[in-house]
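Each of the two complexes below includes chain A, the first together with chain B, the second together with chain C.
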Partner chain A sequence: MNDLLNRYGVFLTTVIIVLTAFWLLMLVVLPNIYLFENSFRPYLPVTEVGGPKDVYSLNNYLTFFDSPIHMNVFLWTVIYSSVVTVICFVIAYPLAYYLSKIADVRSLPLIFLMLFIPLWVSEILRAFAWFIVLALKGPLNASLIGMGIIETPIRWVTGFRGVLIGLVYTYVLFMLLPVYNAIQSLDTNQIEAAEDLGAPWWKTHLRVILPHSKPGIASGAVMVFMLSAGSILVPTLLASTNSRWFTEIIQQWMLESLDWNTGSAYAFLLLILCTVFVSVVMRVFRVKLSDIAK
Partner chain B sequence: MRQKRSSDWLFHLYLVLFLVYMIAPLVVMGGAAFNDSKFPSVYPWVGWTDRWFVDLWNDSRMWTAFRNTIVVALAVVAISVPIGTAAAILINSISGSTRSFLYGLMVAPILTPGVVIGISTLLFWNTFGIGAGLHLSVLGQVSYIAAFVMLLVLARLQSFDRGLEEAALDLGASHAQVMRRILLPHLYPAIGAGAAIGFFQSIENFNVTQFTRGNSDTLTVYVFSKVRSGITPTINALALILIAFTLLCAVIYEVRRRSVARRA
Partner chain C sequence: MDFGSFRAVDNVSVSIQPGEFFSFLGPSGCGKTTILRMISGFIQPTQGVVRIGGKDMKGARPNQRPTALIFQNLALFPLMPVWENIAFGLEVRGVDKAKRRARAEELLRLVDLPDAADKRVSQLSGGQKQRVAIARALAVEPSVMLLDEPLSALDLKLRQHMRAELRAIQKRTQVTFIYITHDQGEALAMSDRVGVMSQGKLQQVAAPQDIYNNPANGFVASFVGENNILAGEVTGQEGDAVTFATPNGTFRARLGPGVGKGAKARLFLRPEHARLMLDPGAGNTVAVEVTDVAFEGNFISVHSVDAKGQTFVSEARNDGSAVIPARGDKRHIVFDDRNAVILTGDISAKDVDE
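== the complex of A and B ==
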């Protein structure tokens, strides 16, 4: 604090502190406290808010734990978000390695330009693109039949398959970029040393490259999991009849039942899930928060 | 760079497949904008048409949503850039456990699902009688976009030479002059990048906006409701325009980057 005062004087220091305080208090901390507080209050008509019935209880959370359907949806959301995270890593890792250690440096700007276009196209359009591609009489089935690979059209969107395909496509770049950054910071001499000493290629990856890219993997895993579990657009557009996502239930409480209190209890459960995931990843990969947020 | 290997062609092939995987769906979606079929698809190809673009042009709801999106994005940039920059300067000047704690608070919104940000923003401001609307969408989006700006500016601050500030102060510059003439110019590249990222993030945002918007539309909400209520290829026409715009921005960025690199 004194440091700021010496460098920028009283006025500017005040401005800096006020701006930061506004952000952290009014936009981050207090809203979440209100979310927490509201999740313990009953849903009442406006006239009865603050009245005798407006007491704290666990009822909103009990609604969740009393409903096998909702718990089921929550569980499948966790499972499939984890599956999406793993698939994204499996797809992204070889590519990240290729881009950082093998590809011609001069061709990188063009490759990244091509990768950034889908990244900047909004999530809803990316989901919509797959909605068209995967249609029963759509281009994917038509070309597969045309190539003679399949004979009858495949129903792609059944169970969670459509959601899975859409989420992997939408978020794989959030895994690729941090892993690429991490591998790039590895001295290529270390890889060559391992190879000169006779390590087979898989051992070089297991012992040298993978450990070095841990912060990138952690960062990618956290982002992909959080974005997948929190996605509304992809599960809505690519859902089949039996693939509901937890966010859709939250949305139902908030926008259809207009029961904001139960809605906030459910939202809070989602927040806890993501917090737990972040802590587990930090523990497992032994990385700090500043390694993840880059 | 590693030595060339005989197995490298596998990686080249993998890259090409990955790029096709990334871009082909977008091409299919864009192509469907010209197909004269009521359901958006490129197959079967019914015939060439521009009527989806005409429909889109005549859709007044789309224009309102478009204007709202731009206004919200500009407001988000205008608020989150000063906040993010101030927060980065603040966190850079402290150390120890206070720093870790504040840093944790600042990056938390990035790791929070948009649904949660949207609902908490709605509940919080609603208790003060400020109801849902695009102003709340702006505040909700700022809460995590400011974090992106903070991270970018903080990274740039690492390469800042504090000796310059001290020298200026010793030579009699005022604090405001130090800020305006020395610190901020050093941070401009990061601030510019932060503004650009914030603008795009805001345009794309759906989750926060969906819960805070009230009855107003933004482009993503408009597309979402169109997709749910009955799909027509006007959405593909809009998608194609947006992709073309993105492509244009990306190319301009690349050309500028090359000319800067050539000069250096």
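== the complex of A and C ==
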């Protein structure tokens, strides 16, 4: 605090603190408290708000446990978010290893630029782009048929397939970067030492590189899983008739039923249940919270 | 071995005997690590062959070679306990766990660390890590052990202790050791033979005392040990005894290999052979004035300068009888013909040792 005063003087210090406090309180804390408080109150006509019926209860939360369809959707959301996480890892790990240990350092800026450029385009546009690419008579099928790999066009956007493709595409970089950082911090001599002691390449990965990059993999996995489970754009735009995502139910409560109370309760349930799920998985893989914070 | 247009190792040909302790000695950047990486298989030579036990190693990956490398930073696996580190080579060969554990403990006894099996690597001291690295390399029963300056990270006392230790382990196990170092003390003290390298070329291969006493050229003489160096010309020759004319005087000296009459060459004189006398000697002698005296404990090092401004260093053992001169004293540097050697070739810019 004194350091801040000495550096920036009274005026600037006040501005900095007030702006930070505004952002934190008004834009993060207060809206969440508002939703949290509302999630315990019943959905009432405006005239009855504050009346005798307006009492706190867990009814909104219990709605979820009374509706098997919603629980089912939640289950599939968790399952497919996990699938997205695994696919992201399978794609990101070899790439991260290549970038950190094999690729020429001079070519790295170009490769990273190429990886990041798609991020500069809005998520909606990218989802629509995939919608076009994956269409039955779209460019992907056309080129696969043109190359003679398939004979009849594949219906890509069916079941959860479109959602999976879209989510993997959107979040794979969130897996790549922490894993890249983790592998890069591994002393290359250790990889060479393992090889020199006779280890085949897969054993080197299994015993030396993977254990070292576990914290990076864990933080990437948590990030991808939480973002996927909480994603709304991709599951809506690349949905098929039978791919329901839990966020869509929240959206229906809030925007279609205009029942913000139950909607908030569902949103907090998503947060709580996903946190529990992640904690359990972390316990299973013996990852500590402090590892992820690194 | 070429890297692009840079030739890191140039026509190095040496045959190392089984069970030998061989050192490559040279300043940083002379190509000695490249040699090590070629033997271990991390790089393939652009030209030439590496044979181990008579077998051509061309195309063999490091995990297919009977070599074990000890890295400069040791590269122990920090996430495994000590015994798993040592047993890693056995683990990847599919040896079962009980046998691995037994072998690891046996090796830990060999390197004098009997109780460390279940410790974490981070709990060990520098010298202990060193021993674990040696045990890990020995576990795969290599025919050749390659050591890349493994002692450079240790402090002086420990370094000297580990020298003796390494030598003892090598004698006990009878594994061929190829040792890379820029520290001449290490190379001379431990090795059966030493190969001195400079700019990718092998300058001399010989036993340590030959390297020191009979250097093959100016580089070896100046890189290994200290020398007083005088440039001049060979003017007369009888056998290998020559007359050598320098601006500081004409001396009688011994001719080194590959130097002929009339050649521009240098005279190399070890400080311990340059005696500092009150009176001029009968043979080689230079009148000097003492400029600096360093009392080193077991010996006394005296810097002096002659009329031409050439600095001489002479060392005398501190055997109790030595008289320590004072600055400004007039003395004479006197040396035997046999102890001054005439050599050609570049002289080394001394590696500054950290």
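One rule holds for everything that comes next: the second predicted complex is superposed on the first by the 243 of 294 C-alpha atoms of A that agree within 3 Å, B and C clash if a C-alpha of one lies under 4 Å from a C-alpha of the other, contacts with A are read in each partner's own complex, and residues count from 1 in each chain.
Throughout what follows, contacts are C-beta pairs under 8 Å (C-beta built on N, C-alpha and C of every residue); 3 or more make two chains touch, one makes a residue touch a chain.
Keep in mind that what you see is a predicted model, and the values were worked out from it rather than measured.
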item	value
More chain A residues in contact [chain B versus chain C]	B
Contacts of A:Gly263 with chain B and chain C, given as first, second, both or neither	first
Partner chain(s) touched by A:Lys203 [first = chain B, second = chain C, both, neither]	second
First (chain B), second (chain C), both or neither touched by A:Glu192	both
Contacts of A:Val55 with chain B and chain C, given as first, second, both or neither	neither
Contacts of A:His212 with chain B and chain C, given as first, second, both or neither	second
First, second, both or neither for A:Val90, with chain B first and chain C second	neither
Touched partner set for A:Tyr98, first chain B, second chain C, both or neither	first
Chain C-contacting residues of chain A that also contact chain B	192
Chain C residues within the chain A interface of the complex	40-42, 61-63, 67-69, 71-73, 75-77, 79-80, 88-89, 91-93, 136-137, 139-140
In the complex, chain A residues that touch chain C	187, 189-190, 192-200, 203, 207-208, 211-212
Of all residues in chain B, those that touch chain A in their complex	1-3, 5, 8, 11, 14-15, 18-19, 21-26, 28-29, 32, 40-44, 82-83, 86-87, 89-90, 93-94, 100, 102-117, 119-124, 127, 139-140, 142-143, 146-147, 151, 162, 165, 169, 174-176, 178-179, 200, 203-204, 206-207, 210-211, 220, 223-224, 227-228, 235-236, 239, 242-243, 246-247, 249-251, 254, 257-258
In the complex, chain A residues that touch chain B	1, 3-4, 7-9, 11-12, 15-17, 19-20, 22-24, 26-32, 34-35, 38, 91, 94-95, 98-99, 101-103, 105, 109, 111, 113-118, 120-126, 128-133, 135, 137-139, 142, 169, 173, 188, 191-192, 222-223, 226-227, 229-233, 236-237, 247, 250-251, 254-255, 260, 263-264, 267-268, 270-271, 274, 278, 289-290, 292-294
